[in-house]
Structures are given as C-alpha cells and as structure tokens.
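Look for chain A in each of the two complexes below; its partner is chain B in the first and chain C in the second.
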Partner chain A sequence: MNRRIIFLCVIVVVIYPLYNPIGLPIPISPLTRQLFDYTDALPSGTIIVIDPWMSTGSYPELNPMTVVMLNHLMNLDTKIIIINTHHPETLGIIKDITIPMLDIPTDKVYGEDWVFIGFIPGMELGISSFASNPKGVVTKDGYGGDLTKLPLMQEVTDGSDFDLWIAVGKPDYALRQVQEVYNTPMTCLAPGGGAAEAMPYLASGQLKGVMISTRGAAEYELLLQKPGLAVSGMDATSAVHIFIILGIIIGNIYYVLKQKKIVGNKVLE
Partner chain B sequence: MQIPEIGVLVAIFYTFALYSILYKPNIFYKFTVATLIGAASSYWAIFALNSSIDIIQTRLALQDYSIILALLVGLLLFTSFKSDISYLSRYPVMVITSVGAIVAVRGMLSAQLVEPMMGIIKPLFVPGNLLDSFNNIIIIACALTALFYFTFTREYKGVVTSIHRAGRISILVGLGASYGTQLFSRSSLFIGRMQWLIDPSRIMGTIILTVAVIGFILYDKFLEGKSK
Partner chain C sequence: MENPLKRIEVPIFLTGVLILLLLLGWGTTITFLKQTSKLVVNSATLIFSLGLLTGLVSVILGNTKKVLKRSEDWYISAWTIIVACVMFILGIFSNPFGEHVLFTWIFKYVITPISATTFSILLFYMASSTIRTFRARNLDALTLLITTILIMLRQAPIGAAIWSGFGPIGDWILTVPSMAASTAVLFGVAIGGITLVFRLVTGKERGYLRRG
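Up next, the complex of A and B:
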C-alpha cells in the first residue's frame, strides 16, 4: 500500500475531531491525581523552580503541561522561579509563547512572586551551578533586567532554599544535581517518550508526582476545572491511536496470512 | 477570517514545506531545512557569545578572577581551525568532558542506582489489596529476570533457560510500552501542530497553503504522466 495514503488518513483522522469534537470522556488517572494533590497541598510561601526543557520540536507536547502547571501554581500562595537550562531557543518559547498563555492573577507581582531567569548554559552543569549559587550564574533575568535586585532572588542562596523543583522533560539531571545534593523534593512533567524513564523514580519516591504528556495535561486541566489546549486535542489523540492500533492489527493479520500462503505452496510442492 | 500577517504566513509555509517530505523529496523541503539549520546555528552562536560575556562580567563583578583562566582555556577551542596548533584544542575538550563526567557521577550512584533499586523492594503480599500484591510480584519478577538476562557466567540450560526467557519477555514488554509512549509523544507533536494551523486567526493562511500544495501535487502528477 502506498504510504502516502496512510499519511493522508492520519491527517484526516486528526483534523476531523479537532473541528468536530466527539466529546470522549477523559477519566483522571491516579498518577495525575497524585501530582495534583501534592501540588495543591504545597504550604504557603513555597519557593518552586520550574525548568522547562522545551525546544521547537517538543513544545507542542511540553507546553500544555507547563502552562497548566504554572496556572495551578500561580493560583496558589507560592513563589515561582522559571529557569531555562536546555536550549537558547527555549528562552524565546517561554517568553513569547508560554508566559503569554498564563492566567496570572493581578495580585502576583513579577520580581516578588515570580521570576523568569534567562538561559543558563551548560545543561547539567548549568543546573548544578544554579543550584549552588543562583545569583552567581547570571545577572540578568529573561527580560534583560537586573536579577540581583529582584526581591524573590534575595530569598534564595542555594538549592536548599528551593522547596520544590519541577523538571519538564528529563528528570535525570535535576535528580543528580538538586534532589540528591540538597534533598529538594521533585516532580516531573514527562513527555510520552520519557515516561518510562520517570516511573522508576516515582516508584522509589525520588519524584513526588509525574504528569505524562498531553493526556496528563488534559486530566490536570479537568482537575483545575479549566479545560484548555490539552483537552481539545484528546479526541484527535484517541482517534489517531485507534487508527494506529487497527493498522497494526490489520498489518499483522495480513503478514500471517501471507506467510501461510508461502508455507502452503512449499507443502504442495 | 482574515489573511494572517507575513510572519505567520512564513511559519505556515515552513510547516507545509517540512511535511511535504511525506509526499516526496522536493526543493521546498530542502530550502526549509537549510533555512532552519542556518537560523538555529546563528541563534546559538549569538546566544553563546552573549551568555559567555554575561558570565564573565558576573564573575569579575564578584571578584572571581579564575574566570579569566576559564576564558583562556575556552579560547583554545578556536585553535582547531589552524592545523599546526589544533592539538591545543584538545585541552578544553578534556576539561569539559572530565568536569561534566565528574559532576554527573557525583549524584548518579545514589540517585540512579541505589534509590531506584530500593524502589523495587516491595511487599509480595499487601493485606486487603490483591491488585497491589499482584502488581508488586510482577514488578519484582520482571526486574530480577530482566537483570538476570544480562548475566553471561552460566550456561543456559534447564531452569536458567526459563529465567533467561522470562527476562527477555520482561525486556520486550518494557520496550513495547516505551514504543507505545513514543508513538503517543509523536502523535501529540503532530496534533499540537495541527491545532496551531487550524486556529481561527491562521485558518485563512492554512487554506491558501493547502490549495497551493494540492496544486503542486496535481502539477507534479501531470508532469509524471507526461514524462511516461
């Protein structure tokens, strides 16, 4: 079969539910419930660091998770530090796409209640440097302002001052450099491909909660009672997965029948 | 519905151009890839320069003059462009890789070996909860048999063969689950992009480019038929 027909079918299967929502139910999984309950119970004044590892190729999946988590945190009495240790391009994604999508309450003041720190190079080394000396790595925030003058940054001297670290993407680096060294609690917003990596850390208690891909973001949006981008994409997600499952089943049946035909011919000979 | 601004139209064009590889390799795809590589490389270069200047200024302001040594070692990387002194570029590479490895190992043993293994130690029977008991037995059995699969000190016969086979099945189940989540991830990326394209503020641009793509495909088919 020409592969282009399969590609065309996938496009139709995705676009139709986006235009005509079916309204399939989205049950809340225990994983998302665990993360929601943990986040909701954070004490007043908790200082949270969130490190989105988004690139231009991965932000359609990670951005809904980041947005829904930040929306939840912004409505709690918490202080948020948004950092970027992944790619330089993540800076633009967070500044121009993620932050404008947030519902920031009017009583949340930039500099006092939340801060966006620009790019910290070095990936794991960057996380380690930031955790050991947050004000010594970079002096400017994501908007070019003086970071050292922001009141929230006066409250942190090292990783032990962080009450929660949220890794959006791979949790390994932050587990090694923050959770292990400073005993900082961690949660993870994992992409689909990284879910299998994150689960052992959840089982061992190193991660307090895990959100998996856009499905987790949709469930979280429902728990927050603010359905958004992730919920609107769930019908299309279900449709394309059913299409893939049927394709795999039909492909395997065809393969078995084809094999039997070959074996049958040899027996006759 | 109105035609989006030029920047959005360019983004929609690039999206269609990248997906055009699904039809066949074409000049629009190659152009888009070349543009992406050029833009990303220059963006990274400027960012690296700005970040380096910012870090050097920060450390000097804190009277940490060891950054000057780090700067000089880092500049040695550029000696790789001149063949007679390119051996000097190995020193900064050595520093980068060794420091990176040491920093990674610092937390690795506990965070990625000991603690996850502690997570496997679970009760085989949970009173009043058969499902949890069953889950715990499966987790422990799969973990042990999967670990045993990678032992090569005993000949595989008898009971050892069965354990080895069980380990292989455990690994294959894990790989299957990983493959499923990867598929989920890829479909999420595609759906996210489709949501962006059919947004009401951009739908007019999407329709224009869709008509253009259909026209391109029909023209291509016409040329194919003509050449036959």
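Up next, the complex of A and C:
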C-alpha cells in the first residue's frame, strides 16, 4: 500500500475527532488510582520536589501529566519545589508553557508555598548536587530572585528534608541519587515508551505510584473532576489506535491468504 | 622531549582517582570523604555546563568548514550558523534568565512548535511502517503482534468501549511479564555499569580518550 494513503488516513483520523468529539468513557486504571490515592493522602506541609524532564519534542506527552499533577498538589496543603535538571530548553517550557497553564489558588504564595528553580546542569549530577545542597548549587530562582531568601528554601538543607520527589520522565537518576541516598519517597510520571522502565521500581516499592502517558493524565484529570488537555486528546488517540490495529489485522489477513496461495501452488506442482 | 601532560596516562590516572573519590564518599560517614565526593560532583556539574558552550563552538566550527568548502547543502550549514549566533547574542544581551522579549518569542513560537512537529512526524512513519511491515511470520512475531494490539487497546479508551476486559489484560501485561523483562534488563545494565567502572578505574576502558 502506498504510504501516502496511510499518511492521509492518519491526518483524517486525528483531525476529525478533535473537531467532532465522540466522548468515549475513560475507565480509571488501578495504576492511576494508586497514584491519586497516594498523592491525595499526603500529610499537611509535605515538601515535594518535581523535576520535569521535558524537551520541546516530548512536552506534548509529558506536559499534560505535569500540569494535572501540579494542579492536584496546588490544591492540597503541600509545598512544591519545581526544578529542572534535564536541559536548558526545559526551563523555557516550564516557565512559559507549564506554569501559565496551572490553576494556582489565590492563597498559594510564591516563595512560601511554591518555588520554581531554574536550570541545574548535569542531569544526574545536577540531581545529586541539588539533593546534597539545594541552596548552594544555584543561588537564583527561575525568575531571577534570590533563592536563599525564599521562606520555603529555608526549610530545606538537603534531600532528607524532601518528603516526596516526583520524576517526570525517567525515574532512574532520581532513584539512585535521592531515593536510595535519603530514603525519599518517589512517584513517577512516565511516558508511554518508558512505562516498562518504571514498573520494576513500582513492584519493589521504590516508587509509590506511576502515571503512564496521556491516558494516565486523562484518568487523573477525571479523578480530579477537571477534564483538560489530556481528556480532549483521547478521542483522537482512540481513532489512531483503531486505525493502526485494523491496518495490522487486514495486512496480516492478506499476508496469510497470499502465503496459502503460494503453498497451494507448490502442492499442485 | 614529549610534554608529560600530553601522555595518555594522565587522564586515565585522573579518571581513576576521581571515580575512587566518588565511590569512597558514597555510603561512608567520614566527613572528609563525603565532602570530597560532593566537591567532585559539584565540579562535574560546572564542567557539564561549560560543555554546553563547547558544543555550541563545535557546531559553529563544523558548519563553518562546510560553508567554506561549499559542501553539499552548505546553505543549510550557513543557516545553522546564523540561527545559533542570533540566539546566542540575544541570550547574552538578556538577563541570565532569558527575559529578552525576542529570545522568549523565538523559543516559544518558533523553536518549540518546530520541535514538537518534528517529533509528531514520527507518528506517520510509525503508523506506515507498522501497517506495512508488521507481519506474523513466526510464533515470536505473532506473540509480539497480539501483545502490541492488547496494549494499544488498553491505552485507548475505545478498547474499554469494545470490551471491558482489555484494560485488566493490558495492566497484567504491564505489571507482570513486561515488568519481569525490564527487571532483567536493569540487572544487566547494573552489572555492565559495575564492569565499566572497574575498567575505567584500571584504565582498560579508553573509549572516551583519543585513539589508544
């Protein structure tokens, strides 16, 4: 089959449900329920660090998960530190795209209830540096203010003061540098392709909960009763998945029939 | 006489010493070792950020050679140099947090949509290659095919609309066989990592150095 026909069909099955939503029900999976229940039960005053590993290419998948998790945390009595150890471009994504999308309650004060720390270079090294000395590795927050003067940062001296670390993307680095060293509980917002990497840590108890891809974000939005970006894309996801599945099934039926004709010819010879 | 600092034994020795300092600082309560280990990590963080600048210089030098030699598609290299220099200069003349209006505008409305689009193009190629080449030629391929379809029906809400059992089956695949295989891979990676550290400390692994 000419692949241009497949490309055209993909365009149609993605665009049509976006303009004409079908509104398929989205059942809540036990994995998402587990993460929601854990997060909802966090004690008052919990200090949470969230480290989104989003690039400009992966943010369409990871941003809905980050936004829904931050919206949930902002409506609890928790304190949030948003950091970025991934890439300089993630700084711009978090500052200009993610944070403006948040539904921050009016009683949440920047500096007291939540802080955005800019880019900490080094990836796993950056996580290790930040966990060992949060106020020493960078002195300015993501908006150019003095980090050391923010009330929330006065409460943390090292990783043992963090009550929860949320990894958005790969959980391995934070597991090695934070969970193992300071015994900090961790959860993970994993992309679809990285879900298999997170599952062993969930089974061992090192991760307390996992959200998988935009489907997990859609389920979380429904649990929060605030449908948003992730739910709106689920119909298009369903349409593309069904298109691919039908294409695979039809292709394999054609393949089997073609094989039988070849075998049939040999028998006749 | 050969410059002693150019001998290959120098970086090998430095690598071994730094790795040992990191290892000794981990899991110990001796303050000196812990502080030395932290110093090594913080220094590496600084070097990492300087590495970003090195990367920029490398990109500009590499593309400049192509432009000067008028290699194939040299104009793309020229455009790369122009874009890199413009963003670098805009970044220099903004405050350290990229508040320059044009810098932020280009990042938010040009770079981010282009990067997201580039990754989104993968959907078309994945759909095309999956439909045209995914065939059950043997038992392994058939197992992979069935598993793929079950996971896709688990991920999409339409799977639950067709039959409610697709969700639990997909969850079982994720939490049992897939988890078991991932755990095995993690063990392999961990053992490989230990072997690599041993080879780095003893100087047997020289892939990060110049030839030899």
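Heads up, the rule we're going with is that the second predicted complex is superposed on the first by the 269 of 269 C-alpha atoms of A that agree within 3 Å, B and C clash if a C-alpha of one lies under 4 Å from a C-alpha of the other, contacts with A are read in each partner's own complex, and residues count from 1 in each chain.
Rule of thumb we're sticking to: contacts are C-beta pairs under 8 Å (C-beta built on N, C-alpha and C of every residue); 3 or more make two chains touch, one makes a residue touch a chain.
This is a predicted model, so every value here is computed, not measured.
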| item | value |
| --- | --- |
| Partner chain in contact with A:191 - chain B first, chain C second, else both or neither | first |
| First (chain B), second (chain C), both or neither touched by A:215 | both |
| Chain B versus chain C as contact partner of A:58, first or second or both or neither | both |
| Contacts of A:109 with chain B and chain C, given as first, second, both or neither | neither |
| Contacts of A:93 with chain B and chain C, given as first, second, both or neither | second |
| First, second, both or neither for A:24, with chain B first and chain C second | second |
| Contacts of A:144 with chain B and chain C, given as first, second, both or neither | second |
| Chain B versus chain C as contact partner of A:232, first or second or both or neither | first |
| Partner chain(s) touched by A:121 [first = chain B, second = chain C, both, neither] | both |
| Shared chain A surface residues [contacts with chain B and with chain C] | 3, 7, 10, 57-60, 88-89, 91, 121, 125, 128, 136-137, 140, 192, 195-196, 200, 203, 212-213, 215, 237, 240-241, 244 |
| Interfacial residue positions of chain A with respect to chain C in the complex | 1, 3, 6-7, 10, 24-27, 29-31, 55-60, 88-89, 91-93, 96-97, 118, 120-123, 125-126, 128-129, 132-133, 136-137, 140, 142-144, 192, 195-197, 199-200, 202-203, 212-213, 215, 218, 234-235, 237-245, 247-249, 251-252, 255-256 |
| Partner chain A, residues of chain B touching it in the complex | 22-23, 40, 43-44, 47-48, 51, 54-55, 57-59, 61-62, 99-100, 103-104, 106-108, 110-112, 115-120, 139, 174, 177-178, 181-196, 198 |
| Chain B-facing residues of chain A, complex | 3-4, 7, 10-11, 14-15, 18-19, 57-61, 63-64, 88-89, 91, 119, 121, 124-125, 128, 136-140, 172, 175-177, 179-181, 191-193, 195-196, 200-201, 203-206, 212-215, 229, 232-233, 236-237, 240-241, 244 |
| Partner chain A, residues of chain C touching it in the complex | 38, 41-42, 44-46, 48-49, 52, 95-99, 104, 107-108, 111-112, 114-116, 118-120, 123-124, 127-128, 130-132, 134-136, 145, 148-149, 152-153, 155-161, 164, 167, 171, 174-175, 178-179, 181-183, 186 |
